[in-house]
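In the two complexes below, chain A is the common chain; its partner is chain B in one and chain C in the other.
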Partner chain A sequence: MDATQQSKLLEIQSLEFSLYDLHLFLDTHPYCTDALSLYKEYNNMLEETKCEYERRYGPISPGGCGLNEKSWDWALKPWPWNQSQGGMKHVDV
Partner chain B sequence: MWMYEKKLQRPINIRNGDVRMAKAIITQYGGPDGELGAAVRYLSQRYTMPTNEATAVLNDIGTEELGHMEMVSTMVYQLMKNATPEQIKEASLAGYFADHGRAVYPIDGGGNPFTAATLQSLEDPIASLHEDLAAEQKARATYEYLIQLCDDPDVLEPLRFLREREVVHFQRFGEALRQVQEYKDMKKVF
Partner chain C sequence: MADLTPQPVCFPINEACPQLATAYVPIQPWGAVFEPAQALSKGTLFPPLVRPYMPMPYKKGVEK
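Our next item is the complex of A and B:
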(Lines of atoms letter the chains of each structure in order from A and count residues from 1; the text may use other names and numbers.)
(Lines give C-alpha, C1' and ligand atoms only; values in the text may rest on other atoms or scores of the structure.)
Protein backbone atom coordinates (compact mmCIF):
# COMPACT_ATOMS: atom_id res chain seq x y z
CA MET A 1 0.00 0.00 0.00
CA ASP A 2 1.56 3.34 -1.01
CA ALA A 3 1.54 6.49 1.10
CA THR A 4 -1.38 8.08 -0.80
CA GLN A 5 -3.59 5.07 -0.29
CA GLN A 6 -2.55 4.86 3.35
CA SER A 7 -3.49 8.48 4.00
CA LYS A 8 -6.82 8.10 2.14
CA LEU A 9 -7.62 5.05 4.26
CA LEU A 10 -6.63 6.92 7.41
CA GLU A 11 -9.08 9.67 6.43
CA ILE A 12 -11.86 7.07 6.25
CA GLN A 13 -10.78 5.51 9.54
CA SER A 14 -10.76 8.94 11.22
CA LEU A 15 -14.21 9.87 9.91
CA GLU A 16 -15.65 6.52 10.86
CA PHE A 17 -14.07 6.75 14.29
CA SER A 18 -15.68 10.17 14.88
CA LEU A 19 -18.98 8.74 13.71
CA TYR A 20 -18.67 5.70 15.93
CA ASP A 21 -17.90 7.76 19.00
CA LEU A 22 -20.91 9.96 18.24
CA HIS A 23 -22.96 6.81 17.71
CA LEU A 24 -22.16 5.54 21.22
CA PHE A 25 -22.87 8.99 22.66
CA LEU A 26 -26.26 9.05 20.92
CA ASP A 27 -27.12 5.64 22.40
CA THR A 28 -27.31 7.27 25.82
CA HIS A 29 -28.34 10.77 24.59
CA PRO A 30 -30.86 9.89 21.84
CA TYR A 31 -32.53 13.33 21.83
CA CYS A 32 -29.35 15.42 21.52
CA THR A 33 -30.01 17.34 18.30
CA ASP A 34 -26.48 18.80 18.17
CA ALA A 35 -24.99 15.30 18.12
CA LEU A 36 -27.61 14.18 15.60
CA SER A 37 -26.75 16.92 13.11
CA LEU A 38 -23.03 16.34 13.58
CA TYR A 39 -23.63 12.64 12.93
CA LYS A 40 -25.44 13.44 9.69
CA GLU A 41 -22.65 15.78 8.56
CA TYR A 42 -19.87 13.24 9.22
CA ASN A 43 -21.92 10.46 7.68
CA ASN A 44 -22.22 12.38 4.40
CA MET A 45 -18.47 13.11 4.42
CA LEU A 46 -17.71 9.44 5.08
CA GLU A 47 -19.92 8.20 2.25
CA GLU A 48 -18.19 10.46 -0.27
CA THR A 49 -14.65 9.70 0.93
CA LYS A 50 -15.32 5.98 1.08
CA CYS A 51 -16.83 5.84 -2.39
CA GLU A 52 -13.87 7.69 -3.88
CA TYR A 53 -11.44 5.31 -2.13
CA GLU A 54 -13.31 2.17 -3.21
CA ARG A 55 -13.39 3.25 -6.86
CA ARG A 56 -9.62 3.61 -6.79
CA TYR A 57 -8.40 0.88 -4.48
CA GLY A 58 -11.15 -1.73 -4.23
CA PRO A 59 -14.02 -2.56 -1.91
CA ILE A 60 -14.30 -1.87 1.81
CA SER A 61 -17.95 -2.99 1.79
CA PRO A 62 -18.92 -5.90 -0.51
CA GLY A 63 -21.62 -3.97 -2.42
CA GLY A 64 -20.00 -0.54 -2.28
CA CYS A 65 -18.49 1.66 -4.99
CA GLY A 66 -15.63 -0.86 -5.43
CA LEU A 67 -17.86 -3.35 -7.23
CA ASN A 68 -16.15 -4.38 -10.47
CA GLU A 69 -17.81 -6.14 -13.43
CA LYS A 70 -14.83 -8.37 -14.25
CA SER A 71 -13.56 -9.70 -10.92
CA TRP A 72 -14.70 -10.16 -7.31
CA ASP A 73 -12.12 -7.78 -5.85
CA TRP A 74 -13.52 -8.27 -2.35
CA ALA A 75 -11.66 -11.59 -2.22
CA LEU A 76 -8.72 -10.69 -4.46
CA LYS A 77 -7.55 -7.44 -2.87
CA PRO A 78 -5.36 -7.50 0.28
CA TRP A 79 -6.87 -8.10 3.71
CA PRO A 80 -6.50 -5.47 6.42
CA TRP A 81 -3.96 -7.36 8.53
CA ASN A 82 -1.42 -7.56 5.73
CA GLN A 83 -2.19 -4.55 3.60
CA SER A 84 1.18 -2.95 4.27
CA GLN A 85 2.83 -5.90 2.53
CA GLY A 86 0.52 -5.60 -0.47
CA GLY A 87 -1.53 -8.57 0.67
CA MET A 88 -1.25 -12.24 -0.13
CA LYS A 89 -0.54 -13.60 -3.55
CA HIS A 90 -3.43 -14.37 -5.84
CA VAL A 91 -4.02 -18.09 -6.30
CA ASP A 92 -6.22 -19.57 -9.04
CA VAL A 93 -8.36 -22.31 -7.57
CA MET B 1 -26.64 -9.61 11.72
CA TRP B 2 -23.26 -8.17 10.94
CA MET B 3 -21.57 -7.06 7.72
CA TYR B 4 -17.79 -7.07 7.52
CA GLU B 5 -15.91 -3.87 6.63
CA LYS B 6 -12.60 -4.66 4.99
CA LYS B 7 -10.43 -2.44 7.18
CA LEU B 8 -9.23 -2.15 10.77
CA GLN B 9 -10.71 0.42 13.15
CA ARG B 10 -7.21 1.93 13.36
CA PRO B 11 -4.15 1.22 11.17
CA ILE B 12 -1.65 -1.38 12.40
CA ASN B 13 1.68 -1.77 10.62
CA ILE B 14 4.21 -3.49 12.85
CA ARG B 15 7.59 -3.54 11.10
CA ASN B 16 9.60 -5.55 13.64
CA GLY B 17 8.63 -8.98 14.89
CA ASP B 18 8.67 -9.65 18.64
CA VAL B 19 7.48 -13.06 19.82
CA ARG B 20 7.67 -12.15 23.51
CA MET B 21 5.34 -9.20 22.97
CA ALA B 22 2.96 -11.36 20.92
CA LYS B 23 2.83 -13.81 23.83
CA ALA B 24 1.80 -11.00 26.20
CA ILE B 25 -0.64 -9.23 23.86
CA ILE B 26 -2.49 -12.45 22.98
CA THR B 27 -4.23 -12.31 26.36
CA GLN B 28 -6.28 -9.37 25.07
CA TYR B 29 -7.59 -11.78 22.43
CA GLY B 30 -8.36 -14.90 24.50
CA GLY B 31 -7.69 -13.90 28.12
CA PRO B 32 -10.05 -13.13 31.04
CA ASP B 33 -10.28 -9.40 30.24
CA GLY B 34 -9.74 -9.74 26.51
CA GLU B 35 -11.79 -8.49 23.57
CA LEU B 36 -13.38 -11.84 22.68
CA GLY B 37 -14.72 -12.20 26.22
CA ALA B 38 -15.94 -8.59 26.14
CA ALA B 39 -17.83 -9.12 22.88
CA VAL B 40 -19.45 -12.35 24.13
CA ARG B 41 -20.34 -10.73 27.47
CA TYR B 42 -22.06 -7.65 26.00
CA LEU B 43 -23.73 -9.38 23.08
CA SER B 44 -25.15 -12.02 25.45
CA GLN B 45 -26.40 -9.51 28.01
CA ARG B 46 -28.23 -7.25 25.56
CA TYR B 47 -31.38 -9.43 25.17
CA THR B 48 -32.62 -8.97 28.74
CA MET B 49 -31.91 -5.23 29.15
CA PRO B 50 -35.02 -3.29 30.28
CA THR B 51 -34.43 -0.11 28.22
CA ASN B 52 -33.72 0.45 24.53
CA GLU B 53 -30.82 2.76 25.34
CA ALA B 54 -29.03 0.12 27.46
CA THR B 55 -29.66 -2.49 24.77
CA ALA B 56 -28.14 -0.16 22.18
CA VAL B 57 -25.05 0.47 24.32
CA LEU B 58 -24.45 -3.27 24.77
CA ASN B 59 -25.14 -4.04 21.12
CA ASP B 60 -22.84 -1.33 19.81
CA ILE B 61 -19.99 -1.68 22.29
CA GLY B 62 -20.17 -5.47 21.76
CA THR B 63 -19.82 -4.82 18.04
CA GLU B 64 -16.84 -2.50 18.55
CA GLU B 65 -15.20 -5.22 20.68
CA LEU B 66 -15.30 -7.52 17.65
CA GLY B 67 -13.30 -4.87 15.82
CA HIS B 68 -10.86 -4.69 18.74
CA MET B 69 -10.51 -8.46 18.70
CA GLU B 70 -9.44 -8.08 15.08
CA MET B 71 -6.92 -5.37 16.02
CA VAL B 72 -5.39 -7.52 18.78
CA SER B 73 -5.24 -10.57 16.49
CA THR B 74 -3.59 -8.44 13.81
CA MET B 75 -0.91 -7.34 16.27
CA VAL B 76 -0.25 -10.94 17.33
CA TYR B 77 -0.11 -12.08 13.70
CA GLN B 78 2.26 -9.31 12.60
CA LEU B 79 4.53 -9.77 15.63
CA MET B 80 4.83 -13.53 15.00
CA LYS B 81 4.64 -14.05 11.28
CA ASN B 82 8.37 -13.98 10.51
CA ALA B 83 9.55 -15.57 13.76
CA THR B 84 12.10 -18.39 13.51
CA PRO B 85 11.60 -21.61 15.54
CA GLU B 86 14.61 -20.46 17.57
CA GLN B 87 12.94 -17.13 18.51
CA ILE B 88 9.75 -19.00 19.31
CA LYS B 89 11.63 -21.33 21.67
CA GLU B 90 13.39 -18.37 23.32
CA ALA B 91 10.00 -16.79 24.04
CA SER B 92 8.82 -20.08 25.63
CA LEU B 93 6.21 -20.53 22.92
CA ALA B 94 7.36 -23.95 21.71
CA GLY B 95 4.16 -25.52 23.05
CA TYR B 96 2.02 -22.95 21.25
CA PHE B 97 4.01 -23.50 18.05
CA ALA B 98 3.51 -27.28 18.32
CA ASP B 99 -0.26 -26.82 18.60
CA HIS B 100 -0.85 -23.93 16.20
CA GLY B 101 2.29 -23.00 14.28
CA ARG B 102 2.10 -19.23 13.76
CA ALA B 103 -1.70 -19.20 13.54
CA VAL B 104 -3.65 -16.92 15.86
CA TYR B 105 -5.49 -18.86 18.61
CA PRO B 106 -7.34 -17.36 21.61
CA ILE B 107 -5.39 -18.01 24.82
CA ASP B 108 -4.49 -15.97 27.90
CA GLY B 109 -0.99 -14.86 28.89
CA GLY B 110 -0.33 -18.19 30.58
CA GLY B 111 -1.44 -20.28 27.60
CA ASN B 112 -4.90 -21.29 28.84
CA PRO B 113 -7.48 -21.39 26.03
CA PHE B 114 -10.37 -18.92 25.93
CA THR B 115 -13.17 -19.75 28.34
CA ALA B 116 -16.57 -18.19 28.98
CA ALA B 117 -16.06 -19.14 32.65
CA THR B 118 -14.40 -15.73 33.22
CA LEU B 119 -17.48 -13.74 32.19
CA GLN B 120 -21.07 -13.39 33.31
CA SER B 121 -24.47 -12.64 31.86
CA LEU B 122 -27.33 -12.06 34.31
CA GLU B 123 -30.97 -11.18 33.78
CA ASP B 124 -30.53 -8.57 36.54
CA PRO B 125 -29.45 -5.50 34.51
CA ILE B 126 -27.94 -3.66 37.50
CA ALA B 127 -25.64 -6.61 38.20
CA SER B 128 -24.72 -7.04 34.53
CA LEU B 129 -23.96 -3.35 33.98
CA HIS B 130 -21.74 -3.31 37.07
CA GLU B 131 -19.92 -6.33 35.63
CA ASP B 132 -19.44 -4.37 32.41
CA LEU B 133 -18.03 -1.33 34.22
CA ALA B 134 -15.57 -3.64 36.01
CA ALA B 135 -14.71 -5.39 32.72
CA GLU B 136 -13.77 -2.07 31.10
CA GLN B 137 -11.54 -1.15 34.05
CA LYS B 138 -9.84 -4.56 34.01
CA ALA B 139 -9.20 -4.30 30.27
CA ARG B 140 -7.82 -0.77 30.74
CA ALA B 141 -5.45 -2.04 33.46
CA THR B 142 -4.32 -4.92 31.21
CA TYR B 143 -3.56 -2.51 28.36
CA GLU B 144 -1.52 -0.42 30.80
CA TYR B 145 0.51 -3.50 31.82
CA LEU B 146 1.11 -4.28 28.14
CA ILE B 147 2.19 -0.68 27.51
CA GLN B 148 4.74 -1.05 30.34
CA LEU B 149 6.15 -4.14 28.61
CA CYS B 150 6.49 -2.46 25.22
CA ASP B 151 8.96 -0.03 23.62
CA ASP B 152 8.02 -0.27 19.93
CA PRO B 153 5.93 2.72 18.76
CA ASP B 154 4.28 0.54 16.06
CA VAL B 155 2.81 -1.57 18.89
CA LEU B 156 2.40 1.17 21.50
CA GLU B 157 0.11 3.37 19.41
CA PRO B 158 -2.62 0.75 18.83
CA LEU B 159 -2.33 -0.34 22.49
CA ARG B 160 -2.87 3.26 23.63
CA PHE B 161 -5.85 3.59 21.28
CA LEU B 162 -7.42 0.41 22.67
CA ARG B 163 -6.80 1.56 26.25
CA GLU B 164 -8.55 4.84 25.49
CA ARG B 165 -11.61 3.02 24.12
CA GLU B 166 -12.01 1.17 27.43
CA VAL B 167 -12.32 4.57 29.13
CA VAL B 168 -15.01 5.72 26.67
CA HIS B 169 -16.93 2.46 27.07
CA PHE B 170 -16.80 2.83 30.86
CA GLN B 171 -18.37 6.26 30.50
CA ARG B 172 -21.22 4.96 28.29
CA PHE B 173 -21.90 1.98 30.59
CA GLY B 174 -22.08 4.39 33.54
CA GLU B 175 -24.74 6.42 31.72
CA ALA B 176 -26.65 3.26 30.79
CA LEU B 177 -26.56 2.10 34.43
CA ARG B 178 -27.92 5.44 35.65
CA GLN B 179 -30.74 5.31 33.11
CA VAL B 180 -31.67 1.73 34.05
CA GLN B 181 -31.68 2.69 37.74
CA GLU B 182 -33.97 5.67 37.00
CA TYR B 183 -36.25 3.43 34.95
CA LYS B 184 -36.50 0.90 37.77
CA ASP B 185 -37.23 3.64 40.34
CA MET B 186 -39.94 5.05 38.09
CA LYS B 187 -41.66 1.69 37.84
CA LYS B 188 -41.98 1.49 41.65
CA VAL B 189 -44.22 4.63 41.75
CA PHE B 190 -47.90 3.85 41.08
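Our next item is the complex of A and C:
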Protein backbone atom coordinates (compact mmCIF):
# COMPACT_ATOMS: atom_id res chain seq x y z
CA MET A 1 0.00 0.00 0.00
CA ASP A 2 1.51 3.32 -1.02
CA ALA A 3 1.59 6.45 1.11
CA THR A 4 -1.30 8.13 -0.73
CA GLN A 5 -3.56 5.16 -0.22
CA GLN A 6 -2.59 4.92 3.42
CA SER A 7 -3.30 8.59 4.05
CA LYS A 8 -6.70 8.28 2.33
CA LEU A 9 -7.55 5.35 4.59
CA LEU A 10 -6.47 7.35 7.63
CA GLU A 11 -8.67 10.22 6.48
CA ILE A 12 -11.64 7.84 6.31
CA GLN A 13 -10.87 6.44 9.75
CA SER A 14 -10.53 9.95 11.22
CA LEU A 15 -13.87 11.03 9.79
CA GLU A 16 -15.61 7.87 10.96
CA PHE A 17 -14.19 8.34 14.44
CA SER A 18 -15.20 12.01 14.60
CA LEU A 19 -18.69 11.16 13.38
CA TYR A 20 -19.03 8.53 16.08
CA ASP A 21 -18.00 11.00 18.78
CA LEU A 22 -20.50 13.52 17.41
CA HIS A 23 -23.12 10.79 17.41
CA LEU A 24 -22.53 10.23 21.13
CA PHE A 25 -22.71 13.98 21.81
CA LEU A 26 -25.93 14.31 19.83
CA ASP A 27 -27.53 11.46 21.77
CA THR A 28 -27.53 13.73 24.82
CA HIS A 29 -27.85 17.05 22.91
CA PRO A 30 -30.36 16.27 20.14
CA TYR A 31 -31.13 19.94 19.46
CA CYS A 32 -27.54 21.24 19.28
CA THR A 33 -27.44 22.80 15.83
CA ASP A 34 -23.65 23.27 15.96
CA ALA A 35 -23.14 19.55 16.43
CA LEU A 36 -25.78 18.76 13.85
CA SER A 37 -24.21 20.90 11.16
CA LEU A 38 -20.75 19.52 11.85
CA TYR A 39 -22.18 15.98 11.67
CA LYS A 40 -23.66 16.79 8.30
CA GLU A 41 -20.41 18.31 7.06
CA TYR A 42 -18.29 15.34 8.16
CA ASN A 43 -20.84 12.89 6.84
CA ASN A 44 -20.64 14.46 3.39
CA MET A 45 -16.85 14.53 3.58
CA LEU A 46 -16.85 10.84 4.52
CA GLU A 47 -19.08 9.92 1.59
CA GLU A 48 -16.85 11.80 -0.82
CA THR A 49 -13.60 10.47 0.59
CA LYS A 50 -14.91 6.89 0.62
CA CYS A 51 -16.09 7.14 -3.00
CA GLU A 52 -12.80 8.61 -4.08
CA TYR A 53 -10.98 5.79 -2.31
CA GLU A 54 -13.22 3.02 -3.64
CA ARG A 55 -13.00 4.23 -7.22
CA ARG A 56 -9.24 4.20 -7.01
CA TYR A 57 -8.39 1.25 -4.79
CA GLY A 58 -11.44 -1.00 -4.73
CA PRO A 59 -14.34 -1.47 -2.35
CA ILE A 60 -14.09 -1.00 1.40
CA SER A 61 -17.46 -2.70 1.83
CA PRO A 62 -19.46 -4.87 -0.58
CA GLY A 63 -21.74 -2.07 -1.84
CA GLY A 64 -21.12 1.62 -2.03
CA CYS A 65 -19.40 3.63 -4.73
CA GLY A 66 -17.30 0.71 -5.87
CA LEU A 67 -20.31 -0.98 -7.47
CA ASN A 68 -19.42 -1.90 -10.99
CA GLU A 69 -22.02 -2.93 -13.58
CA LYS A 70 -19.85 -5.63 -15.13
CA SER A 71 -18.21 -7.33 -12.18
CA TRP A 72 -18.61 -7.91 -8.46
CA ASP A 73 -15.49 -6.08 -7.36
CA TRP A 74 -15.84 -7.12 -3.74
CA ALA A 75 -14.81 -10.63 -4.76
CA LEU A 76 -12.25 -9.59 -7.35
CA LYS A 77 -10.33 -6.71 -5.79
CA PRO A 78 -8.24 -7.08 -2.65
CA TRP A 79 -10.21 -6.97 0.59
CA PRO A 80 -9.43 -4.01 2.83
CA TRP A 81 -7.51 -6.24 5.26
CA ASN A 82 -5.48 -7.77 2.42
CA GLN A 83 -4.17 -4.43 1.17
CA SER A 84 -1.05 -4.47 3.30
CA GLN A 85 -0.09 -7.91 1.96
CA GLY A 86 0.20 -6.53 -1.52
CA GLY A 87 -3.40 -7.13 -2.46
CA MET A 88 -4.26 -10.81 -2.29
CA LYS A 89 -7.25 -12.06 -4.21
CA HIS A 90 -9.24 -14.94 -2.86
CA VAL A 91 -10.69 -16.20 -6.15
CA ASP A 92 -8.99 -17.09 -9.38
CA VAL A 93 -10.64 -15.50 -12.37
CA MET B 1 -49.59 -0.18 54.47
CA ALA B 2 -45.99 0.64 53.62
CA ASP B 3 -44.74 4.18 54.15
CA LEU B 4 -44.09 5.60 50.67
CA THR B 5 -42.88 9.08 51.61
CA PRO B 6 -39.46 9.72 50.05
CA GLN B 7 -36.71 9.12 52.54
CA PRO B 8 -32.95 9.24 52.21
CA VAL B 9 -31.45 5.78 52.27
CA CYS B 10 -28.56 5.52 54.64
CA PHE B 11 -26.04 2.92 55.57
CA PRO B 12 -25.35 2.63 59.27
CA ILE B 13 -21.68 2.78 60.21
CA ASN B 14 -21.13 2.71 63.97
CA GLU B 15 -23.34 5.46 65.36
CA ALA B 16 -23.48 7.56 62.20
CA CYS B 17 -25.80 6.97 59.31
CA PRO B 18 -24.24 8.53 56.19
CA GLN B 19 -26.37 8.80 53.07
CA LEU B 20 -25.60 6.83 49.95
CA ALA B 21 -23.54 8.59 47.31
CA THR B 22 -25.30 10.34 44.46
CA ALA B 23 -23.47 10.55 41.15
CA TYR B 24 -23.70 13.79 39.23
CA VAL B 25 -22.39 14.31 35.70
CA PRO B 26 -22.49 17.87 34.35
CA ILE B 27 -23.88 18.29 30.85
CA GLN B 28 -21.14 18.81 28.28
CA PRO B 29 -21.26 22.23 26.65
CA TRP B 30 -20.58 22.61 22.93
CA GLY B 31 -17.25 24.20 22.06
CA ALA B 32 -14.31 24.09 19.68
CA VAL B 33 -13.50 20.61 18.39
CA PHE B 34 -10.37 18.95 17.01
CA GLU B 35 -9.76 18.33 13.33
CA PRO B 36 -10.69 14.70 12.50
CA ALA B 37 -7.08 13.50 12.22
CA GLN B 38 -6.20 15.02 15.57
CA ALA B 39 -9.38 13.65 17.15
CA LEU B 40 -8.41 10.12 16.15
CA SER B 41 -4.99 10.40 17.78
CA LYS B 42 -6.34 12.13 20.93
CA GLY B 43 -9.12 9.59 21.36
CA THR B 44 -11.86 12.23 21.39
CA LEU B 45 -13.25 15.00 19.21
CA PHE B 46 -13.70 17.23 22.25
CA PRO B 47 -10.70 19.01 23.82
CA PRO B 48 -12.22 19.04 27.36
CA LEU B 49 -12.39 15.22 27.27
CA VAL B 50 -8.73 14.55 26.50
CA ARG B 51 -7.26 12.19 29.09
CA PRO B 52 -3.65 11.32 28.44
CA TYR B 53 -3.58 8.23 30.73
CA MET B 54 0.14 8.42 31.28
CA PRO B 55 1.78 5.21 32.48
CA MET B 56 2.23 5.07 36.26
CA PRO B 57 5.77 5.95 37.30
CA TYR B 58 7.62 3.01 38.77
CA LYS B 59 7.60 3.14 42.56
CA LYS B 60 10.43 1.71 44.59
CA GLY B 61 9.51 -1.09 46.93
CA VAL B 62 6.17 -1.78 45.26
CA GLU B 63 5.74 -5.21 43.74
CA LYS B 64 4.50 -5.13 40.21
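In the analysis below, the second predicted complex is superposed on the first by the 84 of 93 C-alpha atoms of A that agree within 3 Å, B and C clash if a C-alpha of one lies under 4 Å from a C-alpha of the other, contacts with A are read in each partner's own complex, and residues count from 1 in each chain.
Just so it is clear, a contact is a pair of C-beta atoms (placed from the backbone, for glycine too) under 8 Å apart; a residue touches a chain by one contact, two chains touch by 3 or more.
Computed from a predicted model, the values in this text were never measured in an experiment.
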| item | value |
| --- | --- |
| First (chain B), second (chain C), both or neither touched by A:F17 | both |
| Touching partner for A:C65 - first (chain B), second (chain C), both, neither | neither |
| More chain A residues in contact - chain B or chain C | B |
| Which of chain B and chain C A:Y42 touches, first, second, both or neither | second |
| Touched partner set for A:W79, first chain B, second chain C, both or neither | first |
| First, second, both or neither for A:D34, with chain B first and chain C second | second |
| Chain B versus chain C as contact partner of A:C51, first or second or both or neither | neither |
| Contacts of A:L9 with chain B and chain C, given as first, second, both or neither | first |
| Residues on chain A lying within both footprints (that of chain B and that of chain C) | 10, 13, 17, 21, 25, 28-29 |
| Residue ranges of chain B in contact with chain A within the complex | 3-13, 53, 56-57, 60-61, 64, 70, 73-74, 77-78, 168-169, 172, 175-176, 179 |
| Residues of chain A that touch chain C when the two form their complex | 10-11, 13-15, 17-18, 21-22, 25, 28-29, 32, 34-35, 38, 42 |
| Residue ranges of chain C in contact with chain A within the complex | 27-28, 30, 33-34, 36-37, 39-40, 44-46 |
| Interface residues, chain A side, partner chain B - complex | 6, 9-10, 12-13, 16-17, 20-21, 23-25, 27-30, 59-62, 74, 77, 79-82, 84 |
